[in-house]
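This is the structure I have questions about; it appears just below.
By letter and in written order, the chains are A, B and C; residue numbering begins at 1 in each of them.
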Amino acid sequence: MKMKRKKINLEREVTFICFIVPAVLLYVMYFIVPMVTGVFYSLTDWTGLSPNANFIGLENYRNLFTDRAFRQSLFFNTWYALLLVIIVLCLSTMLALCVNAKIKGRTFFRGMLFFPAVLSMLTIGMIFGEIYTRAIPTAARVLNIEFFQISVLSRMSTAPFGILFVHVWQGLAIPTVLVLAGLQTIPEEIIESAELDGAGKWKRFTHITIPFLLPVLSVVLILTLRAGMTMFDYAMVMTEGGPAGATRSLTMNIYNLGFQQLRFGYAIAQATMVSIILIGISFLQITITQKRKVY
Amino acid sequence: MVQRKSANIPVYIILAIAVLLISLPLYMSLIVAFKTPLENMQSFFAFPNSLYLGNFRTILSRQGYFRSLFNSFFITSLSLLGMVLLWPAAAYAIARKMGENRIYKYLYFFILLGIFIPFQVRMVPLVRLANSLGLANVNGIIVLYIAGSVAEAIFLYVAYIHTIPPDLEEAARIDGATTLHTYVRIMLPLMKPIIATVLIKDALWIWNDFMLALLMLNRSINYWTLTLFQYNFRFQFSSDPTLIMTSFVLAMIPVMVVYLFAQKHIIGGLMSGGIKA
Amino acid sequence: MKRKVIIAALVTVILLLLAACGNGGSDSGNQDATAEPVELEFFLIKVQALGVHEEMQQLFNEEHPNVTVRFVATPDAETALFARVAAGDIPDMMNTFPAELIYRNMMDDGLFVDLTGHSMLGNIQPAVLDLAEHNGKLYALPIALSSYGVFYNQDLFAEHGLSVPTTYADFLAVAEAFVDTDVTPIVFFDRSAGPVGQMIERVMSILHNDSDTLFRDIVEGREDIWARNEVRALAETMLEIRQFGQLDQMGTDIDQAMAEFVSGRAAMMIGGTWHTTFFLDADPPFDYSMFQFPNPLGPQGLPINLDTSHSIYVNASCVDSALAKLEFLSRTEIAQMYADVEGSPNIVNGVQFNTVPLREINDDMNNPSMNVFITPVNFWPPGMRARWQEYAQLLFMDRDVDGFIRNTEGMLHEFYD
């Protein structure tokens, strides 16, 4: 008996090692080697093009603390990501519950909710460019609402919200599908027995749905947080960081530094800083949810 | 029964609002494709006078369109195939061993790091590495896409596997099934919803990806994907938005079809798995 | 016809053999006419010229049947090129912009073949060659120039009995004539960061032809930005002309602005010769042309920049063949083909300029009494224009001229130190 168990374990170990080897190899190739090279460049004054670079230690990192453009972007991105996370978490859960309910036309609704995700960035830029600069102002003129007669993207105070709206509009689709997939892990028996016990809708939601969804919601939180902190495309196609830098995100800063200012080493130092912030928040979050997992 | 229906009214209201917000841009992007440039100039929002198909004809007859369409299909499907063969298995190993073996736990967190490293940090070193490994071509970019999906896939799969009780697998193990057998027969069916979700996410990423395709496939027009074709098209016909929108509409149809097919697997995966066991 | 078939067959054979003349064999000094097959990769940034490049290559192959040139024309071409240069995977030949700092950095790194003294340069206007020099050497063959000014709808001007303004006051008067009509006098595109940066930079250089020196003097304390009137004049001019713009200027991007001009709903648009490609494609049903942006402070000057130029990578697979290709591109009849399609003012001797909307500005550029100078942005610290554009957008919104000067002063100290 003891012998047999040991043999099975060995088989299990070997199979599992075979399972993870490709992941480790490709991961190291695609992420670790370039990242380590990148971090090495962040300790130099490399221009990004030249074959030579000088080692300057931590100077790039020291410069971060006095860089106003970096601080401005960090501030913008932080609250942008925060709002994005809150909105996406709430709306995606709500929508997933809606299309998981036994309603007519479920397939149609699921298809519709997913549609924004298939649009490419160029399409988004063109369509919302027209909506913000023509559709809304025209409607506002008819309805005589003065505030919206000028594009939301034209004011420093409203432009970030204009971008956030589009980001939510498109970024909601995948989280909704994820939560929907998460809802499938809740065994029907549990819900049915809770129903028989007379548990109300809200009670079922907080005592069954949420605990079961917690791992998925944690995933959505982290992916959305990352999407918010590294937002690039949406601002690029709609405002190019304007007006007057009001929507200039961290990654746009990094891109400009690398490809316009020829300060590639410094650009990577900024990017490394952003990763460190993200990793810090996320690991805190993962440890918290892992303690609460259902199984 | 009557009660149930009235309970669904808020659901319909929410969904109606969502559909309304989604369909205006949808209407706009579809409608522009059927307009002549002149009609579009007069009003971006009005319905076209007749269904003008000249835009579709112009794009489909462009040199290189079908080549890039084929490349996109080829690259996307082979990448997805690789992803579905490799990552659920790796995630299964990590998820089930994390609790008993520290190395797997560290490995998990090590791989998660990849999610947070912005592409800009890795971009130039990656181009350099890919060049030296001879990956700057269609086959090479498939390897890169598969590699690029690993961190997020493991993250999503492991979180999902943690919600599946290990009872079934243990029962199978006691019956003497091999680990591979257990994985294929029990775990994979249970993971169907999340696999379908992750594949959709990755399909969208690869299908619409511009930067990596530009960096890896710029050497020859024969390597181009549909996205490169579109960006190029957009540049060449910047004065004609109807043509550009038409090329977008054409490009999003395949992904939409894939989604409609895949969503069947997202819903009801666990239930069917439960029945089998 | 038969000849073409033979050429095609030869090209196929060459493609099949695909052996390069690299491996040091290129120093032998032999003519390549009968030498082994060569393949060169030519990276285009001026991608709209791909078609004409392929036509020119067919003619080139009649002389050099062994030299195959593979053109690469991608969207976002400059990013792709920079990434390849950074990765050390450099094309044999490429478009460069030799006046721009990023390319001068590459020259310093020794990436390009030195063309100084090569016979092909005799076919290029000598004044322009001086502009393309870097440390007394020439690493690029310049073919075309760009300039900046005001596009105007000639039909609308005729309808209102207006003539081309030559002074800033005239310019304002012309714009005034369209106020209270259903035509926007000048259409702006303040949502597009790049074009806004170009506008303030070019107008600044019209106000002061050597802004780089002025900025250095300010930073080093020899000049006072508050005592000098150029930056203030820039801010005031920018605000003054915007009174003649559409309602929501900050909400409009460059594509929308160009569409407004092409549709005849705007009488003027400030822009560069490179925007002509869009107008030529759109082919509006009216005549249009371009005049110089008049200097609000006095004497007129016309800022230009080097446009299409070609360079050869030092370690190209076959430098001799690449040089032969460049020499071919510098010939009058070949450059004529290029100019007719690409449309920018050409600087190869003997080329006729056939881009009708740019004739006026081209004549100004070739006018010996005109003060034509290279736009000083090429000497500004990299990235400064992008920052200045943000302050300009701020100015357009809060209309605070003093604030703009203050921001500019801070920016100069940050970038020049």
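Everything below uses one rule, namely that a contact is a pair of C-beta atoms (placed from the backbone, for glycine too) under 8 Å apart; a residue touches a chain by one contact, two chains touch by 3 or more.
Owing to the predicted nature of the structure, the values given are computational and were not obtained by experimental measurement.
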| request: Based on the touch definition given at the start, go ahead and assign the chain network to line, ring, star, complete or other. | output: complete
| said: By mean C-alpha position, what chain is farthest away from chain B? | reply: C
| message | Could you work out how far the Cα centre of chain A sits from that of chain B, in whole Å? | response | 15
| field | Mean-CA-position distance for chain C and chain A (Å) | value | 38
| note | By the touch definition above, chain C meets two or more other chains at residues 79, 86, 88
| said: Multi-chain contacts only, two chains or more: what residues does chain A have there? | reply: 48, 264
| task | Check each residue of chain B and list the ones that touch at least two other chains. | result | 123-124, 128, 210, 231, 234, 241
| task | Spell out the part of chain A that touches chain B in their complex, as residue ranges. | result | 8, 11-12, 15-17, 19-20, 22-24, 26-27, 29-31, 33-35, 37-39, 41, 48, 94-95, 97-103, 107, 109-123, 126-128, 130-131, 134-135, 169, 174, 177-178, 180-182, 184-185, 187-188, 201, 212, 215-216, 218-219, 222-223, 226, 230, 251, 254-255, 258, 264, 267-268, 271-272, 274-275, 278-279, 282-283, 286, 293-295
| query | For chain A, which residues count as touching chain C in their complex? | reply | 47-52, 69, 129, 132-133, 137, 149-151, 153-156, 239-245, 248, 256-257, 259-264
| request: Give every residue of chain B touching chain A within the complex, in rising order. | output: 4, 7-8, 11-12, 14-15, 18-19, 21-26, 28-29, 44-45, 86-87, 89-90, 92-94, 96-97, 104, 107, 109, 111-118, 120-126, 128-129, 133, 143-144, 146-148, 150-152, 154-156, 159-160, 162-166, 173, 176, 178-180, 183, 193-194, 196-197, 200-201, 204, 208, 210, 227, 230-231, 234, 241, 244-245, 248, 251-252, 255-256, 259-260, 263, 266-271, 274
| request: Within their complex, state which residues of chain C touch chain B. | output: 41, 47-48, 70, 72-76, 79-80, 83-84, 86-89, 255, 258-259, 262-263, 278-279, 281-282
| chain C partner contacts - residues on chain B that touch it in the complex | 41, 123-124, 127-128, 131, 136, 210, 214-215, 218-221, 228, 231-232, 234-241
